[in-house]
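Before I ask anything, let me first share the structure, which is written out below as structure tokens.
Which chain is which? They are A, B and C, in the order written, and residues in each are numbered from 1.
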Amino acid sequence: MADLQAREPLIFELSRPGRGAVTQYPPRVAGTADIPAHLRRAAPPALPEVSELQVVRHFTRLSQMNFSIDTHFYPLGSCTMKYNPKACNTFAMLPEFLGRHPLGPEPQGFMACMYELQEMLQEITGMQAVSLTPMAGAQGEFAGVAMIRAYHRARNDLGRTEIIVPQAAHGTNPATAAMCGCTVKEIPCDANGDVDVDALKAAVGPATAGIMLTNPSTLGVFEHKIAEVARIVHEAGGLLYYDGANLNAILGKVRPGDMGFDVIHMNLHKTFSTPHGGGGPGSGAVGVGARLRPFLPLPIVGKEGARFRWLTERDLPQSIGRLSGFMGNAGVNLRAYVYMRLLGREGMVRVAEFAALNANYLMKRLQAAGFEAAYPTRRASHEFIITLKRENRLYQITAMDVAKRLLDYGFHAPTTYFPLLVPECLLIEPTETETKEELDHFCDAMIAIRREMEQEPEKLSSAPHTMPVRRLDDVRAAKQLDLAWKPAA
Amino acid sequence: MSNIPSDLRYTKSHEWVRPGSNGSVEIGISEHAQGALGDLVFIEVPEVGRAVKAGEACAVVESVKAASDVYSPVSGKVTASNSALATQPELLNQDPYGAGWLFRVQTASSLDDAALMSAADYAKYLADEAH
Amino acid sequence: MAFIPHTPDDIARMLATIGVQSIDDLFDEIPRGLRAGTLGVPTALGEMELGRLMAERAAGDGRPLNFIGAGAYEHHIPAPVWAITTRGEFYSAYTPYQAEASQGTLQLIYEYQSMMCALTGMEVSNASLYDGASALAEACLMAVRANRAANSRRILVPRTVNPTYAQVAQSIAGNQGIVFEPVDFDRTAGRTLLAALEPYSGQDVTALVLQQPNFFGCLEEVDQLTDWAHRNNILVIAVVNPISLALLKAPGEWGERQGGVQGADIVCGEGQPLGVPLSAGGPYFGFMTTRMQYVRQMPGRIVGRTVDVDGRPGFSLTLQAREQHIRRSKATSNICTNQGLLVTAATIYMSLLGAAGLERVAAASMQRTADLTAALSRIAGIKPAFSAPRFHESVLILDRPVAPVLGALSRRGIFGGLDLTDRYPELGNALLICATETKMAADIDAYAGALADIMNPSRAAA
């Protein structure tokens, strides 16, 4: 059973006029520099007035209300919640790296790490060049689609404005296509979870800019016909974009470049174990084949002799441009570098192997316990889908009910309701860093929940029972918007 | 089986149309649609006086799980909008064909021209869609 | 093998349960022809050896005395900030989609949103964007969505706005038909003139971007420019420095009250000064605040306070129907992961400093920059560029090319500032300098001494 910290007041409620953490204030500096009266702030901002201990206690207690990888098994499908090695943080926070301004002379030590990271990512993905600048998967996708557009424009093929997206795709895919000024054409998948090749053939044409795919797909299965899909799209004049969210399933086994993809984005905060941080920061590095190399977003690390330097607009005049104020989430990239050096060649190959072993083992055990896999005849990749549509019909419980009840058993819920195609689904990704015992404990909890479904379904529909809060009123949250604490008038 | 009043006409995107007098029509979304969306939290209706074309998105209905566009089934000018929905979006869930109406349009086109289904056809359409 | 806990016994039992002979069998759906060969990456290192390598590389980069600003600012970061932020419960938690299991993160974000509203004088904040530059791009897209009256895709961007921000806005928003028009600045004052905006009066413009302080560190006449924009149905996008808001008028108060509203319409900027280290360029975080009337047009996650079934207060992500995972191609943005860990650090920082502490940081930074500017201007061949009042940066004009001077300073362990020659060739040999509260009088003396020596080498030091 979970055992989390109960309710904590808002920091504003702990505030008292005149209190402050004075040892953190800089000394007063004598002088006459001042702001003209009409530009000066009239009243100080309503920030908390608390002591340093109050701050430490408050935020420590808030942290104790969270589930996290460090404390709980977290099988969130499509998120790859593997162990975040502490060494990654320790080395990335060495004072010389931490204190470095991005606009000074290029720091050769840091740049060496970035250059080697680019090289390793190229090698793993089978691509020709990499840019580390996109700051999350969604920005990486944006860069990928923008590069595809730029490629067609550069060849004066201005009519190519359609991006094909499978129905099962992650929401960022069509959102990104729209942000790039493209229209979206959705195609269905077949009963096996593969892209419907006939639908694809009908969908491609002279307006096709490209297709966005992930392999294994969001349904947790490997696209059997990927070579054929690549051929169809390329022959129609389009390019292939690979959404690397599921790279953990194939790391070291297959390379997207070898599958025919022209551009790939990677989620370093998934496959390469940089911290999820309660919602970021991520890093969405992009890799490209030769065709798209001139269009990579800037800056990129270049090497001249023994010196590293940033490549700029002068070096890549056809670049799609800059996506960040500096060079992306540098510290995140540094953590990914440390992780990859700790894994090395030997460790990287094992990632997909043990991710697949854990996923397939868990799927088999849950099937044996009476749960229905969405694609029972397929191998799990690094994740798999359980559908609760039968249980929903029989007991009127939903995937959300099961997810909430799992919290009471001390497990973070798997991903629910994604992909949208599978009704009442749980997308489960154990990752390779979990022990067999942890997986068995999870199964035990699911078996207990199954029994509750049959005998005491109200325990599920009103779950969770042991969290700091019970089920929250989302409708009220959206209707009666309370989005900020305001001081009493 | 959801409620589908027989005196109204329906679109494939789940809008209903109630013919009034002198080319004025009232528009809303069906009970099926409000059920699929769930509890509505916010509704945006078009401004009075706005010109709309058939098939143009001119309103938005938002729940916690979805935000859907509402398309005008006919071309014309918006003559009225249900301002009560701004503070009580739940009216649409409770009474989608009455108090939950969205807007009215003054149109020159005949309802037979527009691609509108009868209640029976809409019922069949919903049954087919469920497969 | 790094981080993989399986023993041979575990593996054997698991394979038996699955019903295959070997792990390789689990990949039998992947065509043989596609399988990768040996990966050409280095062999694994243990934590100890890697630690030595990283320490060597870091030592090589060293710790120069830093006087560069230009969008990333060196401030003292209190010890508790990262001690708490790197707690595993914050560091390794995911996006708070399962609200009941994430009340810590959600309450923290709610407190962050509240603080950003207080600082900027606005009504609602999101939970962060990637950085200041991309926040501006998102603000431009939002302005086009929000400004129905204008029905335009033209945005005015003064040249006193950070040029990289303008570039990023172009890269991100340019694909959606948005046109960015530059507006020139007054060469003497170093800020935007109303006269440069007047030609756009009554024209087809949706928004005006105003950076305060501007890229040169100068203070813009925000009231006058805001009033002009609002008279012409143009939305104001404010780009602000959060530390400066301890002293400067909040964007929510810019201009006159007109038709019941006052101030900038959308506020954004770079949150890095709030407890986030320079770290070679990132990760930082972008912030965005606005009026309640535009809340549904605002991209990014938003946390709301609500109640649970027992009536107890709690927090959850709200207004998610606007976001990519639901609205898909009609989403306000494609943003999914944002910069949660940095928001954690910033919230702890703002709690520790409070208004009183932030004011001390801002005032000390302003005074140190004034002192540095004065000290360097006393050197022959150096003079200040602009006359407008400034915050904690200033521009100096040198009598010779800037790059070699910066090179010489760098060899003495001093990063003297940013060479503006490429960004603003019309200014000549221009250097952007910054001194924050982290610089003591001795540091300023060291810089001035070194620079004097470089500019006018004495006969003794040949």
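Everything below uses one rule, namely that a contact is a pair of C-beta atoms (placed from the backbone, for glycine too) under 8 Å apart; a residue touches a chain by one contact, two chains touch by 3 or more.
All values reported here derive from a predicted model rather than from experimental measurement.
Asks: Based on the averaged CA atom positions, which chain is farthest from chain C?
Replies: B
Asks: Using mean Cα positions, find the chain sitting nearest the overall protein centre.
Replies: A
Asks: Using Cα averages as centroids, what's the distance between chain A and chain C in whole Å?
Replies: It comes to 21 Å between the two C-alpha centres.
Asks: Cα centroid separation between chain A and chain B, in whole Å?
Replies: Each chain reduced to its C-alpha mean, chain A and chain B end up 38 Å apart.
Asks: How big is the gap, in whole Å, between where the Cα atoms of chain B centre and where those of chain C centre?
Replies: 44
Asks: Listing for chain C: what residues touch at least two other chains?
Replies: As it turns out, chain C has residues touching two or more other chains at 318, 321, 326-327, 330.
Asks: What positions in chain A touch 2 or more of the other chains?
Replies: 474, 477-478
Asks: At least two partner chains per residue is the criterion; list those residues in chain B.
Replies: Correct list: 41-42, 62-64.
Asks: Could you please specify the touching residues of chain A with respect to chain B in the complex?
Replies: Touch list, chain A to chain B: 474-475, 477-479.
Asks: Note which residues of chain B are touching chain C in the complex, please.
Replies: Residue list for chain B touching chain C: 41-42, 62-67, 69.
Asks: Using the touch definition from the top, list the residues of chain C that touch chain B in their complex.
Replies: Listed in rising order, the residues are 296, 318, 320-322, 326-327, 330.
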